[in-house]
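Next up, some structures in structure tokens.
Common to both upcoming complexes is chain A, partnered first by chain B, then by chain C.
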Partner chain A sequence: MSRVFAQARSGLVYAGLSLAAFVSIFPFFWMLVGTTNTAPDIIKGKITFGSALFDNITNLFAQVDMVQVFWNSTFLAIVGTVLTLAISSLAGYAFEMFPSKTRERVFAVLLLTLSIPFAAIMVPLFVMMAKLTLINTFTAILLPSIASVFIIFYFRQATKAFPHELRDAAKIDGLKEWQIFLYIYLPVMRSTYAAAIIIVFMANWNNYLWPLIVLQTNENKTLTLVVSSLASSYYPDYGVVMVATVLATLPTIIVFFLLQRRFVEGLTGSVK
Partner chain B sequence: MNQMLIRARKSVFLATGISLLAMTSALAGEVTVWSWDPNFNGATMKEAAARYSASHPDMTINLVDFAKVDLEQKLQAQLASGTTEGLPDIVLIEDYGAQKYLLSFPGAFEPLNGKIDYSGFAPYKVELATVDGNTYSMPFDSGVTGLFYRTDILAEAGYSAADLQDIDWDQFIEIAKVVKEKTGHPMLGVDLNDAGALKILLQSMGGWYFTADGQPAIAGDAKFKAALSTYAKLLQTKEIYKPVSGWTEYTGGFVSGEVASVFTGAWMTATIKAANMSGQWGVAPLPKMPGVEGATHASNLGGSSWYVLSSSAEKDEAVDFLAEVWGKDVDFYQKILVDQGALGSYLAAREGEAYKASDAYFGGQAVWQSFSDWLAAVPAVNYGIFTNEVDAAVAAQLPALAEGGSVDDAIAAIDAQVRAQIQ
Partner chain C sequence: MILGRILGGAMAKSRIGRAEQRNGWLFIAPTLVLLGLFMVYPIVWSLWMSFQTGRGMNHSFGGFTNIIRLTQDPVFLRALTNTGIFLVVQVPIMIVLALLFAAALNNPKLRFRGFFRTAIFLPCVTSLVAYSILFKSMFASDGVINDLAIMLHLMDAPISWLGDPFWARTVIILAITWRWTGYNMIFYLAAMQNIDKSIYEAARIDGVPGWARFRYITLPMLKPVILFTTVISTIGTLQLFDEVNNITTGGPSDSTLTLSLYIYNLTFKFMPSLGYAATVSYVIVILVAVLSFLQFLVAKDRKA
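Up next, the complex of A and B:
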């Protein structure tokens, strides 16, 4: 009796999970199907594969300099991720390793800034960039984001789990602070870094509002801006939009799967 | 080994210090234009620039395209910042938003009176870009409305083109009932989140959400009540329409052949022609408001115009360019009508070949002649600065109206929401 009950239960669980999987995967499936269909077919709700893939790709590349745009997004995402991790992990490390009353206050102020929506600082930030003559540059996009309060906070929390004995032992062995950071802290915290890479890479790759405000030419535009522009035509060519969407989705999927195992470790805060 | 590792890691950190160079460059004689939809607005601007540069070889055009909402947000942020760096020379603004920009940022846009002969344009397009006697726009595409309908479905129900001339909305609803009964096709697709239909009804009798001095014309306004009552009547006749959600489903309704008609702006022509149903479509005048003085068969939905920024370094060239091509080139308007399906607001364009041509897709009807007839007759109204806010307030009441709710209650609720928002 209890076996039947257990089987029924696991059956229910699997049914629930299958439904959740379907709901999660269907948009991706539809996106892929969409790349192979013409716009009228997509509007009519066709969900079988069609034969317009090649046309859609050709049309996209004829309308937009995709190589340039893809490069812009990739460049900003990679450089942005490297810089953010370098600056913010150093800050997180320092806040935890060298506590003082003043630093606690600075940290509290930093956390408070998390509650200010970006829209509120957008215009002053634009004025600032204009004064620095950085409008329409990648520097203007990267500068405001590389000291990320959220990532500093995240690294500070993760550093709490870092065994201080390791640092003490390294000190006795004669390592300087930057050497401890590079050779002891970095390797031990790689799961934390992996999770941070995914978070920051996705945030940079999908960054939308600030690049929109600060970038002024077609040559400098990022993929998110291009997808938005394509999708808002009076008669959007949804097949083309879907191809662009696939291109915009791929890198985050790849990064996520590459770092997936460490991502879970990093979020649960385990330290090896 | 360890040393190499140290060096490799050092270089990674050094690399993070690289500086990124500026990439802006504004050439002399280069006119920068911001617009949305490169296949429509962008393409017409390119065609105009090609014509102008034939006589002005120094002039080049730099088209930058954004999504419409993106462009609005960007322009708003940049004008609000007070810095003019990076602003374009010419920008496309949707007509409903024109007054908002002109009133919120006085001095940001260049008045064009005296440089452009506005008497040649549809009066309502000129009126909407006029503030204190100054007109700021180069009027572009018109959203003059018509009733697109499936001739074959209507014929099956016993109606010919003649039966759709000079009808009012009450007659339209009766026709729609017969069409549904005899053919099974719903006459319309209706999105209860969209207030577009109400705007069409309002403007067709010279009404709008606002009075001439910008005050809400909702509670106590006879035209607003007439429009909402008529629309409520349509919404409560549920058998004649298919409820849809969102633009794709809305256009999908008639593109798939299920829905028998759509009343909307002339720009829908391209979507209808993309459906490959040649010879099965016709265009009739918009039904008029029943029992209202000043009711016409002409109205408008959407449309946009070009504006020159006062801060532009290429201002004179930009204005001359607009005046020379957009202001008087009848041939140009034929070209963009054929290539992009763009119906300009320049009235003399109707004398050209393309405007006179009959269209086999519409059973040989000269649809653009009809549209340009109605174009000249669209009542001029003041779009005000809070059209979006009222749209949202109206849309919030449509589901209740469709379920038989009282029109007076809906008006009171819309009025309250609008006044709370625009304080």
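Up next, the complex of A and C:
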């Protein structure tokens, strides 16, 4: 009896998981199929591959300076990720390695800012950037994002697992603090960095609201902005939109699969 | 001589201490400068701004004018209601689903575990804008979802998903659930793998059935993570913008308008009224604070 029950339950588990997997994957399939179909076919829900792929690609490149747009997104994502990791991991390391009462209070205040929604600072931030004449520049995109409290918190948690003996030994060997950070801490914590790269790269690549406000000319727009504006016209050419969507999604998928193993290591390591 | 050695030792120690102090501040200095300028300063400024009235760059102190305007603004009240509906309906559904998937995937005997885990996590790698557009095209009035649902006899006639207030909200809720369930699941899975296996072993020997092990061991152990993800999801839902702006642009007739979208419209679409926009944004700040506090209270209460 209980055997039958267990089998029924495990059947239910597999059915549930299969359904979830199907629902999760279907939109990706839909996106790929869409790149090969014409806009009217897509709107009618055609789910077989068509022959419009080449037309869709040519139309997209005719409508948008894709090379420029792709470069804008790549530049912002890579520079943003490098700066965020440099500044925020340094801070996370210091909060854990050089404990002091005052810094502990500062850290508590930083954690509080985690609950401040972006919408609450967006209006003054915009006015501020306008006064600094930074509207429509990449600087305005990068400046508010590179000190990330979330990443600082994440690095502080991960640093708890960093063996202090390593730092003591390096000190006896005469290394300075910045050398210890650069030559010892950084290589030891590479899983943590990998997970942080995934999180920050995706956040930068996919950033929408702030670039939408700040970047105003076509030659400065990011891929995310272009995808959004292509799809929001009155009669969007969905074939073109789908090609742009694939281009917008591919880099994050590649980064994720390249660093996936380290991502799980880094994540579980920080939870412990 | 002994005194000298003690003094010397103390001096050396305080020098190291001072160097550590200096390095401690040096290492966090860039962070403090940036956050001070681009986080603390704007939030304080925003508070000041919320008491200003006027349009564009011309404004003057208005006292409680903006707060009174809030209570009489039907669009604001609708945005508040919509955000509340998304919060109350979507977050619990997503967290329960994520917990179920995590529990199923935590079983080491499960076949195709890696495949299921990757598949369910996959939506998280898409950008919010990209997946919103996929959903918008799938839920078109004679689109693929209507076709599939009719083919499977789930419904008789096509639904105008994005043209009807109820169904438009449903699409937004489905979309967010699709995007974020796997993300939450990864947190639960990581936490479940950190639970000591011997606890389950002991319970099994005592004859505790599977569902009871989940209810009385797994769930209590996961409480901190569940609290964390609930707070994060609540904050995320209160800030909802990308999806509604790209799937429905807040329509039909403001039925999916969220607070963030309303602030955006107030600032950048209509004649800018920055003071009033700042007031609306403080509503989000207060909601985040109150809800996070309540969630901590509930979690604490359950422990006792």
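Rule of thumb we're sticking to: the second predicted complex is superposed on the first by the 252 of 272 C-alpha atoms of A that agree within 3 Å, B and C clash if a C-alpha of one lies under 4 Å from a C-alpha of the other, contacts with A are read in each partner's own complex, and residues count from 1 in each chain.
Convention: a contact is a pair of C-beta atoms (placed from the backbone, for glycine too) under 8 Å apart; a residue touches a chain by one contact, two chains touch by 3 or more.
Just so it is clear, the model here is predicted, and its values are computed rather than measured.
Novice: Judging by the criteria at the top, classify the pair chain B and chain C on chain A as clash or fit.
Specialist: Here chain B and chain C cannot both sit on chain A without a clash.
Novice: Taking the superposition as given, does A:Val82 touch the first partner, chain B, the second, chain C, both, or neither?
Specialist: The answer is first: A:Val82 touches chain B but not chain C.
Novice: Who does A:Met202 touch here: chain B (first), chain C (second), both, or neither?
Specialist: After superposition on chain A, A:Met202 lies in contact with chain C alone.
Novice: Quick one: is A:Trp30 in contact with chain B, with chain C, with both, or with neither? Answer first, second, both or neither.
Specialist: In the superposition, A:Trp30 contacts chain C only.
Novice: Tell me which partner A:Ile253 touches in the superposition: chain B (first), chain C (second), both or neither.
Specialist: second
Novice: Which touches a greater number of chain A residues, chain B or chain C?
Specialist: C
Novice: Regarding the shared-chain residue A:Gly16, is it in contact with chain B (first), chain C (second), both, or neither?
Specialist: A:Gly16: touches chain C, not chain B.
Novice: Per the contact definition in the header, classify A:Ala147: touching chain B only (first), chain C only (second), both, or neither.
Specialist: In the superposed model, A:Ala147 contacts chain C only, not chain B.
Novice: Does chain B (first) or chain C (second) touch A:Ala94, or do both, or does neither?
Specialist: The answer is second: A:Ala94 touches chain C but not chain B.
Novice: Between chain B and chain C, whom does A:Asn220 touch in the aligned arrangement: first, second, both, or neither?
Specialist: A:Asn220 sits against chain B, while chain C stays out of touch.
Novice: Does the superposition put A:Thr137 against chain B (first), chain C (second), both, or neither?
Specialist: After superposition on chain A, A:Thr137 lies in contact with chain B alone.
Novice: What stretch of chain B clashes with chain C when the complexes are fitted on chain A: 22-30, 76-84 or 274-282?
Specialist: 76-84
Novice: Would you mind listing the overlap between the chain B footprint and the chain C footprint on chain A?
Specialist: Dual-contact residues (chain A): 42-45, 122-124, 126-127, 209, 213, 228, 231-232, 238.
Novice: Which of the residues in chain B end up touching chain A in this complex?
Specialist: Listed in rising order, the residues of chain B that touch chain A are 6, 9, 12-13, 15-16, 18-24, 36-40, 62-70, 73-74, 77-78, 80-83, 85-86, 248, 251-252, 255-256, 267, 270-271, 274-276.
Novice: Residues of chain A touching chain B in their complex?
Specialist: Residues in contact with chain B: 39-40, 42-45, 63, 79, 82-83, 86, 122-124, 126-127, 130-131, 133-139, 142, 182, 209, 212-213, 216-220, 225, 228-229, 231-235, 238.
Novice: Enumerate the contact residues on chain A facing chain C in the complex.
Specialist: The contact residues of chain A facing chain C are 13, 16-17, 20-21, 23-25, 27-28, 30-31, 34, 42-47, 87-88, 90-91, 93-95, 97-98, 100, 103, 106, 110, 113, 115-128, 143-144, 146-147, 149, 152, 177, 181, 202, 205-206, 208-209, 213, 224, 227-228, 231-232, 238, 241-242, 245, 248-249, 252-253, 256, 264, 267-268, 271-272.
Novice: Per the contact definition, I'd like the list of chain C residues that touch chain A in the complex.
Specialist: Answer in residue numbers: 19-21, 23-28, 30-32, 34-35, 37-43, 45-46, 49, 97, 100-101, 104-105, 110, 115-116, 119-120, 122-123, 125-131, 133-138, 140, 142-148, 178, 182, 186-187, 190-191, 193-194, 225, 231, 235, 238-239, 241-242, 245-246, 249, 259-260, 263-264, 267-268, 274, 277-278, 281-282, 284-285, 288-289, 292.
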